[in-house]
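First chain written, first letter: the chains are A, B and C, and each begins at residue 1.
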Amino acid sequence: MLMEYIIQALKGAINLIFTLDPEVSTVVSTSLQLSLTSTVLAAIIGTPLGIMITKFDFTGKHFLNTILNTLLSLPTVVLGLLVFSFISRRGVFGEWGLLFTMRGIIIGQVLLILPIIIALVRNAIHDVDEKMYKTAVSLGATGTQQFRLLLSEARYGIIGALITGFGRVVGEVGVSMMLGGNIKGYTRTITTAIAMETNKGRFSFGLALGIILLSISFIINYIIYYFQSGEFK
Amino acid sequence: MKNIILEANNIKKRYDKEAVLDLDNIKIFESAFNFLIGPNGSGKTTLLNILSLVDTDFKGEVIYKGQPVKKVNFDLLDLRRNFSVIWQNPYLFKGSVASNIALPLKLRNVKEDEIASRVENIAKKLEITNLLNKKSDELSGGERQKTSIARSLITNPEILFIDEPNISLDYQSTQYFNDLFLRLTSEGTTILLITHDLYQINNFAEYITILNDGKVVKSGSDIELDY
Amino acid sequence: MNNSKKLIILTVLFTLVVSFVFTNSSVIAQDRLILATTTSTENSGLLDVLIPPFEEKFNTRVDVVSVGTGKAISLAENGDADIILVHARAAEEAFVEAGYGVNRRDVMYNDFIILGPASDPAGISGMEDAGSAFKKISETSSPFVSRGDDSGTNKKELSIWSGVGIESSGNWYIETGQGMGASLNVANEKQAYILADRGTFLAYKADLDLEILVEGDPELFNPYGIIPVNPAVHNHVNYQMAMAFVGYITSQQGQKIISEYTAYGEVLFNPSAIKPENIE
């Protein structure tokens, strides 16, 4: 019956897209809002941190790098549980009313992809030739200009880091489910919807949603590559 | 007798607890072809980086036109923008040759159209107009060196620091650049050149500083070398 | 970078900031009620019909968080929900007893059914007593699928086993740890017996090769209770709106909607706050 599931799923996906099914549209828009916001925030926080880890020497650097690498394997459900314990009413930040809101999800997702972004940015910066820095200084670049030159030279690696972060976050379900509650019309994302439908036994509908998710991811990646195409090797 | 434009006193530099430089006095003369020579590992490049103010991690004093240089960002920036450095195996930024050459002008917020014409001029002067649209990672060693030279000259630097440029260049280009550097000094540019090339040393050097093991061995204007 | 790229980036960032601001629910001038309930309740589709009139009348957004019974109650105990709608009588009573819930009302009931393969190896078809049917299944070691997830259905199933003094374990007893739909699929695959709520069964009947073998035993009735979280324990809960919801769901309007809700051609729920004959 596997082929049937897949064919049904494909038909289902096309149907949902072309009829602009309102529930699916809501769920897609929620997923996009969340993933894009989380990725941008994690990028803003994580990129400078990734640069600092590469550039500065401090005791425990080795240890910190190892921890970062370990966090790449963090299961989303575990992180969801951790953050849940903080933002539930019983938790330290309970007063802030973050549970079952989009903000709660964003906090969890940012924490989820920060290690990824920091680690990959660290790698990208590390790959920039040492000579770049001296050259920039001798050319008369100010501190800010040096920073921008560094970002520019490392841009493929950095963009790769952001794409990876986005991919991780748009396809995750553990954090969204735990912190968002899969509330219809509000915090239900493509992934939590898939989990719910699968739980109900509606596999081909779940698969259809999955196909839609992958299509969106494909489109976004394509757009990004298009913008780099002038200089992309 | 030409003026001293740049002088350095009591320069000491350590690298991992080892003394790399321990100098008493270094002089660089204005509008002159200054040479810095010595065996490999004697600290020439390290000294060049200090004199050009790229490296500020040292003890001692650098004096520019009689004024001690303060290791303060504003002052350093001003002076760095008056100097240019050409290194061995230069680093070129991602993008075209033209964008690399234009970079120092962009950093100084020069207007777009002025940048374009100046890039064109310097490219013509150095005969690399055909390279302008090539990507920086598609160049041969010699082409990279020429691009780096164009990038360093486009700002009309007061002092030009050059670290063994001949390595990647063929004989013709070496000749060409010897002429170019001589012309520059006659037009007023100060040059400090690190080189092993005996021909250059014996024919062009106006003032030579010899380094060995991080110390000045000899310096003067009438040194003849024959090793 | 050139100007058009800058513009696009700025637009994207602007959109993000705007959407982030708007994800702050306090920007939207609306009240909010967090209702924790079970997955089977939400999956039945009843809430899609029952809630909108309430939302409109009281200008409130009802956020339905559907999880397992255990978690729904735990959310309420923590104050993460304002009100719960569950079907686990013993747990509900403990909840109120401990002071977490107040003003509990009966809302409705649906029923469970024992499903199994047409071949009926344990011979339970048509039996009137659920406990005896379970006994026969255990005695014949016929495959039986349990949700094993502390849900309302699971609790009911376990209470039937303990009612006839059987500890359900062995190779024939399969625990899925999953929801009703998924567990039904497993039972279907293995052609096993399973206790299910009628609503979910109706939803998947078309895809299942299982039949209703036992139904109607009052022990299989599944009563639902609605319980607001006690504001004395959690002073931030939207108690007023929770009470409004209790009022609504036990009123003529709410009870009527419940009694008329059909799925797959059958009525799923029976109102219990107002006797059917008294509903207008």
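Just so we're on the same page, a contact is a pair of C-beta atoms (placed from the backbone, for glycine too) under 8 Å apart; a residue touches a chain by one contact, two chains touch by 3 or more.
Not measured: the values here are computed from a predicted model.
Connectivity without chain A: the remaining chains split into B | C (groups of touching chains, all others kept in their positions). Chain-level centrality, scored on Cα centres against the all-protein Cα centre, points to A.
Relative to the C-alpha centre of chain B, the farthest chain centre belongs to C.
Taking each chain's centre as the average of its CA atoms, chain A and chain C sit 32 Å apart. A separation of 78 Å divides the Cα centre of chain B from that of chain C.
With each centre defined as the average position of its C-alpha atoms, the distance from chain A to chain B rounds to 46 Å. Of all the residues in chain B, the ones that touch chain A in their complex are 49, 52, 54-55, 73, 77, 80-81, 83-85, 87, 89-91, 93-95, 103-104, 107-108, 137, 151, 155. For chain A in complex with chain B, the touching residues are 129, 131-132, 134-135, 137-143, 145, 149, 152-153, 155, 231, 233. Across the complex, chain A meets chain C through its residues 33, 36-37, 40, 88-90, 94-95, 97, 99-103, 106, 181-184, 186, 196, 198-202, 227.
Of all residues in chain C, only 5, 12-13, 16, 19-20, 23-25, 34, 39, 43, 61, 63-67, 78-80, 178-182, 184-185, 200, 203-204, 207, 234, 236 touch chain A in the complex they form.
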